[in-house]
Every structure is written in C-alpha cells, then in structure tokens.
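Next up: the structures, one after another.
In what follows, chain A forms one complex with chain B and a second complex with chain C.
== the complex of A and B ==
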C-alpha cells in the first residue's frame, strides 16, 4: 500500500497552517469565479499564475486545486438561484435546481448540489490515488470510432431533456447544431458561416453561448415579465438547510449514479464535464419517470444530485489523466498543464517519480479542499438563498454586468459582447415561444464532437465506413443503444395496449 | 442580517478605495506619458495555457523579477492562430508600451486565414528562442527509423494517417516539407488535425494515427518512459540533450524551428524601438530567462531589430510556399 503512505505524507505537507491557508484562499476564490457567469476556474488559475510564481510549487498547486474544485462548487450556485449557471458544467444541474429554488427549496437544492459535488469529487480522487496509471490506459482505448459512438449514445440518452414536445426539442437542437457550425472547419480548413470575420474563425465560444442563452436570456425574460402577474414567481426560500430523510433517500442513489457516470469521462477528451452531467440528468429523469409521482419539471432533487456529482467526478479523474498522462481533458486542465511547465514539471508517466512530494501533496489537497468546500458551502446555502430577497432589478442588473465582464475578460473581443447580446435575445425569444433551451446547448456541445470524430474515423480508414462499428467498444455502445430504444418502444406499446384494454373494459 | 452590515460596509469601502487607487494610478500613467520602462503590456495572441501564453509569462517574469520594467502585464487575445491578436495589435497605433508575442504558427495562420495584416506591418523587436518538432511513433510501431516510415509512405502516400496540430501550424508545415523532400506529393498526405499535443499523443497510443507530429517537449516524458519513439527532430543541427537524430542527419534536408519572438506596434520612432530592443535584450540575459530556456528546453536564438525583420520576411515566404503546396 505504497499509495496510502505516500498520501499520508501528502496530508502531512498539506496540513500545515500556511498550506491550509492556500487551500482556503483557493477554495474561496474558485467559488467566487464559479458564481460569476462567464468567468471560470481556467481563467482564475491563469490570472493567478504570475502571482504564484514567487510561491513554492506545492503551495501554488494546492491553491490551484482549491480554485478548480471551488469553481465547480460555485458554478451551480448562481444556476440554482437565478437560472444563470456560472459555467457550462452547471447547466444540467440548473434545470431542476432552479425549479427547486422557485418552489422555495433553494437551500435544499444548494445543499444537494454541494454534497453531490463533494461525493463525486471524493470518490474520483480516491480512484485517482489508487488507479491513476490504469485510468490513463483507458484514454488509449478510445479512437475516433469510439468517440463517435459515445457522442451518438449521448445524443439519444440525453434526448430526455428535449422536454415535452419532440418537435420543439428537435428545432432547438438544430439551432444548436447551426451555431456550432460557425468557424473554420478543423479538418479541411474551410471557413463556415464566418462572413469573413476573423473573430469568428474559432467558432463561437461555448461560454458566450451559455451565458447568452441562459444568463442574459433569463434577465431579458424577467425584465419582460415586469409588471405582469407572473412577476413574483419566486417563492422565498424557507431557509431550511437539512434535507428530510425522504429527500436524502432520493438524492443518495442519484449522487452515486452521477459519480459513476462522471468518473470515466474525466479520462477521455470529450470536452469536459458537459456530456456526463447531461447523461446523469437524462438517466435520473428516465429512472424517475418509471415510478409514479416524478418530480421532474417541478424541481426534482435527483435532477440536481446526479449532474453535480457527475461534474465533480469528471473533474477529479480529469486531474488523474493530467497527472498520469499529461493529457489536458478540460480548459482548466490545460491551464494547469501550463502551470506545471512553468515550474519545470511535465505531467506524464514520469511525474510521479520526479516530483512525488508535489503530486501526493496535490492529491491530498483534493481531499482537504473538498472538505473545506463542503464546510464553506453547507452553512452558506441558506445565506446564498437569501440572495433571492434582493429586489430582482438589482439582482439581474448585477448578473448582466458580471456576465458581460466575464465574457470580455476571457476573450477581449468586442464581437463576443455583441454575440452574447444576440444570443441572449435568441434565448428570450425561445423562452417566449416555449422552445426548450437545453437542447441548443447539447447541439453545441455534441454536434462538433460527433462531426469531427466521424470525419476523423473515415479519414483514417480512407472512407471505409465499416470501421465505425467494427471496434468492440463502439459496437457495444450501439448495441446497448438499440436495445435501450427497443425496450422503450416495447414498454410504450404495452402501456398503450393496456390503456386501450382498460378503456375497452370500461366501455 | 443586521449584524453583517458593518462587515459589508467595510468591504464596500475597501473595494471602493482599491478601485479608486487603481483609477488614480491609471490616470497618472496617462497624464505623464508612460514609457516602456514604467509600464509594458505584452499581448499573448493565444488562450491562457497555450505556447505563446507561456512564453509571454516567462518574459513577463524576467522583466518583473529584475525590475527591468516597473509594471509588466500580459493580455490574452486568443483566436485564429493568433491573427485576431495581430489584427488588434496593429490597430493600437504607435504605442511604445506594447509588445506582442509571435512565432512560426502565426506566419502559417496569416496565410491560411488570409489575414488583412501580417507581421511586416509590425515593428520587429527580437526573436527570442526556438524549439523543435518531432516525428514520433508508438513504441510498438513497425517503423524503427525515419527511413522505414518514408519507404512505406512513398509506397502508399494516403494510406498512412498522420496526426498533428491545426492546419497550417508548424506540425502541418513540417509534414508538408518532409513529404516534398521524400518525393511524396504533399497534397496526397492524409493529415488529421487535432487540438494539440495531448490529443495527438492519445491518438498515437490508441493506434488511430501511425505517425504523430508535435513539439518535442509535448512528448519528452513519453519518449523517456519508452511509450513513444522519436524518429527525427526538426532542428538544423543536433540539439544537446536530445538523442533523436535530425532530419538533415538522415538525408532529408528539412529544418523547421518553431521560433518565438516579440514585435511592437507599427509607427513607433527609432528611439522607442531601440529602447524596446534594449529592454528585451536585457531580459534575455537574466537568470530567470536562462532558467525558462532550460526548463522549457528552448534554444536561445536572439536576433534583434532589422536582422529579425529580414528573418521574418524570408521565413514568411518559405511558409507561404509550403502552404501553397499543401493546397490549403
């Protein structure tokens, strides 16, 4: 049990007053940037880099770990309270979380999200401690065919969020796919829908789309409702923090399921935590619909618990992939990779030998950071919920300012500000005409992934389409998908027959 | 709630004072006319964490730690291979307190993206350092040497998938150059673009591509750990500390350094230019910069002023010719 003694040494390093201070500073800072729409932990770490140059590497990385996980705890806070997730990782948890807040259960939603983030983070950190090298091997099992199968699987599995009307969901999905097409095509170099504007060559940043569609769209929608009867739709939170036993019993399996969905995604580069959070949401929604009295649509606690746990589990194993393989699977991981290099360290197979003190202190700081964040977040949940008492015009004015600030800070492009406003108006129009917003984001996230991997697979095989299904992983994913859909159809057909039989009897 | 008011008020006061302080400092700068020695802003035309960002922050650190410049800042303007940053930079006007990081990748992006402005629109200050690209295969690959691969490549140019960074970047350019030298039609090459060295590495390890092209540093540890095998490095002569032979040593006359350098906005006076050159030269002689070179395995390649300008002109023409052949 080398890992345990190494980790013990790591804890000894972290649990000194100075290093504990860095953990707390990082956690607070991360939570703060997480809460603000648009600003993410990647940006925070980048801004901190020059400041931390004079620190010893261990102190710096401990702080970065705090920022990373703080951001993940923080981004759901603004999502749940104001329907304006601080980052794309919190979108899935926001859908039900905000509904909980609307029905006066803001504190419970926040607590569920914090505990979910804690469980996901701890479990994945434990896995990283013991299995980091084998986790890294998982990444090498995935080629373009497997990624494509995964994307297709996610498309179908997530279709639950398409919502009540299939057609409206599909329309929203197409909007998302269209937005995702903007930019220079990485495979051929052809420019698509850029109008010759160099600012659009890299496509529209997911942060711009998220903030526009969710944060600004919501602000405009709230502004448009002013003076109407619907204006006071928010019910102030009761302030009760503790989950009832019933709530806990609903949330616990969702936390664990979310964690298990999130863990493998940290290792494979499919663009961070968005896909697993949505998958967790889809899974919870489908499971709940099997039993009577599903709360989905009205603020289901599982809809918060699953995605939040999945998001943090992904972030945890993503750190494993970064440390053991030097593979940055998310924006924050990419910045951390740069940070390692700034200290003359190269994450990868030799890091554990070359800088074992740092690595184990960093891993230990994940655990410490997670505990600190839970302690910081749980008591603050009712306090955060008080934010809803701020008159909405101040609240939403603040959101707009911070959203625009966050967008400009990440890209320094005026065009992004124009785009975020335009997408905000689109988001408002979609809300006004009852189109669901989540499928747009799914299209934006999964569309390019599916397209790129499809074309990569065919380019490598020189146009031989059979490669798409010939790999065992891809074939398994497709089979599970077909079986699942078939099962669903049979279930529906049976339900309909039973219904008809019941009607016949009644007649 | 009532109890918290004093704390909140105090916080408000602190924040306001802080902001007012910044505003005052800013205002004083603009009234006295800032000089590069008092305040220097470096544009990194890439996202935080990218290669130019790293180089900018290393330079910032060298300037700051030795008080060569009182206040050195880095601004990220990512996008389109750096051409967004370039476009904004050229429009700044003759501001002698600004520098931008640039390099080989931007030359490719300027041509591929048909950018309105190019590096000759700026005032060249100094080339700083360069590093090298490698051709690399998984440890279990049948290709033991560069020749093994080239033979197979000539026999079936399209049948060997090659993974590297974005189109028009150094990885792609090196692939094109090598193809030309090895009598393979560059337009026939099956080049698969990935988002960076990390993705190229997993594509190699998962067997998606047969050959990877990326910066030597991205793969250094994987090579040392025996997971990957380097076939050739793009330096013009053997690099101390790198065991891999160069392309030239193996009979393929290709050398493609991935250089990094800084340029100033157009229209600054000769005195201002000379002052900036002096500042940057001074920074490259600091222990911090020495340290940055050895940590990042960059090779010192300082070239300043007009010599650097002439180098850019020549290098840009070479890059354009390769891109033409690659059919981008």
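== the complex of A and C ==
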C-alpha cells in the first residue's frame, strides 16, 4: 500500500498552518467565483497564475485545487436561489433545484447539492489515489505514437462534444493550434510567424491566451449583452438545513449513481462536467418516472443530487488523468496544465517520480479541501448568495484590472497587453457566434506536443508513416475515436431530423 | 408572417449582411490560414533539418483553416441569425430593430434581441483598454489602473462617476500596495515615481 503511506506524507505537508491557509483561500475564492454567474474556476486559476508565481508550487497548487472544486460547489448556489447557474456545469442541477427553492425548500436543495458535490469529489479522489499511480506506470510505456494518438483523441473529442456543432468545435481547435505555432520551433530552431519580433520568439505566453479568452472575452461579452438581460429575483433560502431521513434515502442512491456516471468522464476529453451532469439528470428523471409520485417538475431532490455528484466526480478523475497522463480533459484542466508548466513541471508519468511530494500533497489537499468546502457551503450557502448583490459593473471592472495587472506583472511587456486585448476580442467573437472556447485552449496546450511527437515518431521510423498506427494502443485509440465520432454525428443527425419533422407537423 | 414583413421592409445588401455579422469568424479563419501559408512559404528553414521539418505542421493547419473557413462561411450564409431567434417559441414578432439592444428597449424586446450586441458599451470598453495600454508606462500603474477600473465600470453601466473616481483610485492603490509592495510584482511608477 504505497499509495496510503504517500498520501499520509501528503497530509503531513498539507496540514501545516501555511498550506491550510492556501486550502481555505482557494476554497473561498473558488466558491466566490462559482457563485458569481459567468465566472468559472478556469478563469479564476488563469487570473491567479501570474500573481502566484512567487509562491512555492505546493502552496499554489493546493490553492488551485481549492479553486477548482470550490467553483463546482458554489455554482449551484446561484442556480438554486436565482435560476442563474453560476456555470454551465450547474445547469442540470438548477432545473430541479430552483423548483425546490420556489416551493420553499431552498435550504434542502442547497444541502443536497453541497453533500452531493462532497460525495462525488471524495469518491473520485479516492479512486485517483489508488489508480493514478498505475495509470502513470501504464503511461511510461507510451512512445511518441501513443502520445500523438492521445493528443489527436483529445482534439477531436473536445471539438465534437463541446458546443453546438462539430464544425464550430473544429474551427475553434485550429485557431488554438495556429496560435500555438508562433515562436521558435524547438526541434529545428526555425523562427515561425514571429514577424522577426524578438519578443515573440518564446511564443505567445499561455497566461496571455487563457486570460484573454476566459477573462477579457467574458468581460466584453458582458458589455455586449448589457441592457438585454433579465434580472432574476433572488429567492431567500428558507426551510430546514438538514435533510430528513426520507429525503436522505431518496438522495443517497442519486448521489452514488451521479458519482458513478461522473467518474469515467474525467478521463475522456469531452470538456468537463457538462455532459455527465446532464446524463445524471436524465438518468434520475427516467428512474423516478418508473415509480408513482415522481417529483420531477415539482422539485425532485434526486434531480439535484445526481448532477451535483456527477460534476465533482468528473472534476476529481480529470485531475487524475491530468496528473498521470498529462492529458487535459477540460478547459479547467488545460489551465491547470499551463500552471504546471509555469512552474517548470510537466504532468505525466514522470511527475509522480520527479515531484512526488507535490503530487501527494495535492491529492491530500483534495480531501482536506472537500471537507473545508462542505463546511463553507453547507451552513453558509445563503451568505454566499449575498455576493450576487455586488453590482456586476464593479465586479467586471475589478476582473479587468486584475487581468491587466497579472499580464503586465509577469512579463513587463506592453506587447503582451496588446495581445491579451486581441485575444479577448477573439474570445468575444467566439462567444457571440457560438464557437466553444475549450478547444482553443486544448489546441494551444496540446498542439506543440502533438507536433513534436509526430515529428519524433517519423524521425525514428525514417519517414514511414505506418508507424503512427502500428502500435496497439494507438490503433485502439484511433478506432474508438472514429466509432465515437461517427456515433455522435449519426445521433445528432437523427435528432435534427426528428426536430424538423416536429416543426413540419407544427407548421 | 412577421418574417415576411421583415424581409419586405429590410432588403438589400446592408440588411443581408446585418443578419450575417457572424461572417467575421470565417473571415478571421481565412486570414489566419493565408497568414500561415505565407509565413510557411517564406520561412527560413535551417539546412540539415530532419525530414518532417518545421513547415509541415503549419502547412496542414493553414489548409485546415481555409477549408473550415469555407464550411463555416457557407453555414453562416445559409442560416442567418434572425432565423435562429425566430425559432424560439413564444416570442414577440421579430422586429430586428437595432436600437432594441439599447437600455431603453422594453422588457418585452429583451428576448429577441438577445443575440444583438450593445455596440456603444463594447466600444467604450475596448476604448478604455486601448487608452490603458497606451498610458500605462507614461502615467504609471496607479493612475492608469484607476482609469481602467473607472472606464470599464462606466462602459458596463455604472452611473455614479464621482463615486467611481474615488473607488477606482482606492482599488488601484490597494493593488499597488498588495502586489507591488507586498508580493514584489513589477508595476510601473510613471509620473508618480518620486512621490512614493
């Protein structure tokens, strides 16, 4: 039981006063950005990256983990009380959660969601502790071909699943791949697309890209929507904070089912928790409709429990995939990968050997963070909702100031500020015209890796392209990918045809 | 019926393009693709480079950009925006009124103008960023940062300019203290260099 003793060491690292402070700071920040609509943990980590550069990596990553899970705890609060999900991951849980709040059971809905997030997070963290090292061992067998296959898998999967159309996902992906090309080519030393500017030789800093896309893009989108949004009323949290035994008996299986739906999705690059939360919601709804007296539509507790547990379970295993394989499966994981690179660390199989103290402290901080978050969220959810009373123009002005501060402070280059504004405008255009942002981040982060591995594989095989598919692991990945995408496209085409038939009947 | 009236009252190239502003995205993709292609062709490649050199990947991506730009452009031409809005059930007749995005727009108009941008707000916001970037080094963080906060808050609808002035100076001072004095980040002092 190597893992347990390692984890014990991790706990010893985390439970020092300074690191506990980072856990709490991260949890507070994460819950806050989760509660505020439009802000997510990916943006929060991106904004924190430049200013935490002077911290020691363990403290910084413990805080990032708190932010990551805090965002998932907090996003359901505004969804339940205001019908404005703090994040796309909370939409599924909001449907029934807000109905519960409207029927005077807001406190129970908040408790169900907080406990669900806790259970999902804890279970997936335990799985990560036990399986991530074996996954990392497996990944040491990977050569260039397998890594290329993994990157291609991530590219296609994320473009296909996130957003409304495959075409738009792919367009977003190539924008990311193109941005990542700028700079000196590491393998040949050729300067690519720098326009001869020495400031661009290192490429466009990943912090500039993430802050531009996630923070400035959102601020500009908020400006564009100004005056067109409806203000939703905040429902005061009322009712019992604790669940009755009957409610608990309804919620417990839903929490566990949600967790089991969420766990596998952390390892598949489909852009995070949106898909599993909706799957969990659908599963609960179908199960409830088999029995008489389904509460769905009137505020069913299972409709909150399932999605919330699924969301956090996905986030937990996503961290496992990131640490063991170096594979980011969502925008948040991509930003965290950027954070590792900032500190000169490369997630992947070698991380468990080279930075084992950091890895185990980080894993231990998941457990500590989850407990802290449960304490912060279970009794204090109505207090968090007060954050929604901060006028949004001051909130976004603060975000703009913080974004510009961070960008300038890392490099002291005016060019970076110009770039962040340009990328912010790009992010706005993408939001405005329905292009998903996650594929850009995955493209930027994994693009250089894919290119290097591709060229390395061909250099070893002396130009024989068949080497790319000859390894069993790579071949399996490609065939799963082709089958998955084909299945998805067929399903979407069917749904569209059904929709058209319905419209024809209506007309 | 509303759609017919709308097309009758608003025809011609201007109206055609107004419903298809999304074309900037494929246009941007096309520009990226062409830039990559030119850059790839004119790239200085060191001799003695192993066979899949630094040109292959950019070449592939530039072709992908152009192809996707074509598909995306066709998609956006075929499905202009008001149709997307009109698909939504239980909505007021689409007036496609540009001023609908204004703050004075009635609440009932809010739903169908969801996809239209509030241009003055966006311009004010982007203008603020441009001014901030231009003035950061000459003026220093304290003043430029305050200006940034003030301008963004104003563009996003704050209507208390005097209060905002104090608030923004307070915020940029706190940032200066916390991050420059506290965490040791490098912020430009600008015109206030001697004062601190």
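Quick note on the criterion: the second predicted complex is superposed on the first by the 273 of 507 C-alpha atoms of A that agree within 3 Å, B and C clash if a C-alpha of one lies under 4 Å from a C-alpha of the other, contacts with A are read in each partner's own complex, and residues count from 1 in each chain.
Rule of thumb we're sticking to: a contact is a pair of C-beta atoms (placed from the backbone, for glycine too) under 8 Å apart; a residue touches a chain by one contact, two chains touch by 3 or more.
None of these values were measured; they are calculated from a predicted model.
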Contacts of A:489 with chain B and chain C, given as first, second, both or neither: neither
Partner chain in contact with A:187 - chain B first, chain C second, else both or neither: both
Which superposed partner A:21 touches (first chain B, second chain C, both, neither): neither
First, second, both or neither for A:408, with chain B first and chain C second: second
In the superposition, chain B vs chain C on chain A residues touched: C
Touching partner for A:425 - first (chain B), second (chain C), both, neither: second
First (chain B), second (chain C), both or neither touched by A:459: both
Chain B versus chain C as contact partner of A:501, first or second or both or neither: neither
Partner chain in contact with A:480 - chain B first, chain C second, else both or neither: neither
Residues on chain A lying within both footprints (that of chain B and that of chain C): 50, 187-189, 412, 459, 462
List of chain A residues in touch with chain B within their complex: 42-43, 45-46, 49-50, 53, 139-144, 184, 186-189, 198-199, 201-202, 269, 325-328, 331, 334-335, 337-338, 341-344, 346, 348-351, 386, 411-413, 456, 459-460, 462
Residues of chain C touching chain A in the complex: 22, 24-26, 28-29, 32, 35-36, 39, 43-46, 49-54, 56-58, 61-62, 64-65, 68-69, 71-72, 75-76, 100-103, 105, 107, 110, 113-119, 121-122, 124-126, 129-130, 132-133, 136-137, 141, 145, 148-150, 152-158, 167-168, 171-172, 175, 179, 183-188
Residue ranges of chain B in contact with chain A within the complex: 1, 47-50, 53-54, 57-58, 60-61, 64, 74-80, 83-84, 87-88, 112-113, 115-116, 158-159, 161, 166-168, 190, 192-193, 195-196, 198-199, 201-203, 205-209, 217-218, 220-222, 224-225, 227, 291, 295-296, 328
Chain C contact footprint on chain A (complex, rising order): 50-51, 54, 165, 167-168, 170-171, 174-175, 177-178, 181, 185, 187-193, 216, 219-220, 222-230, 391-394, 396-398, 400-402, 404-405, 408-409, 412, 414, 417-418, 421, 424-426, 428-430, 432-433, 435, 451, 454-455, 458-459, 462-463
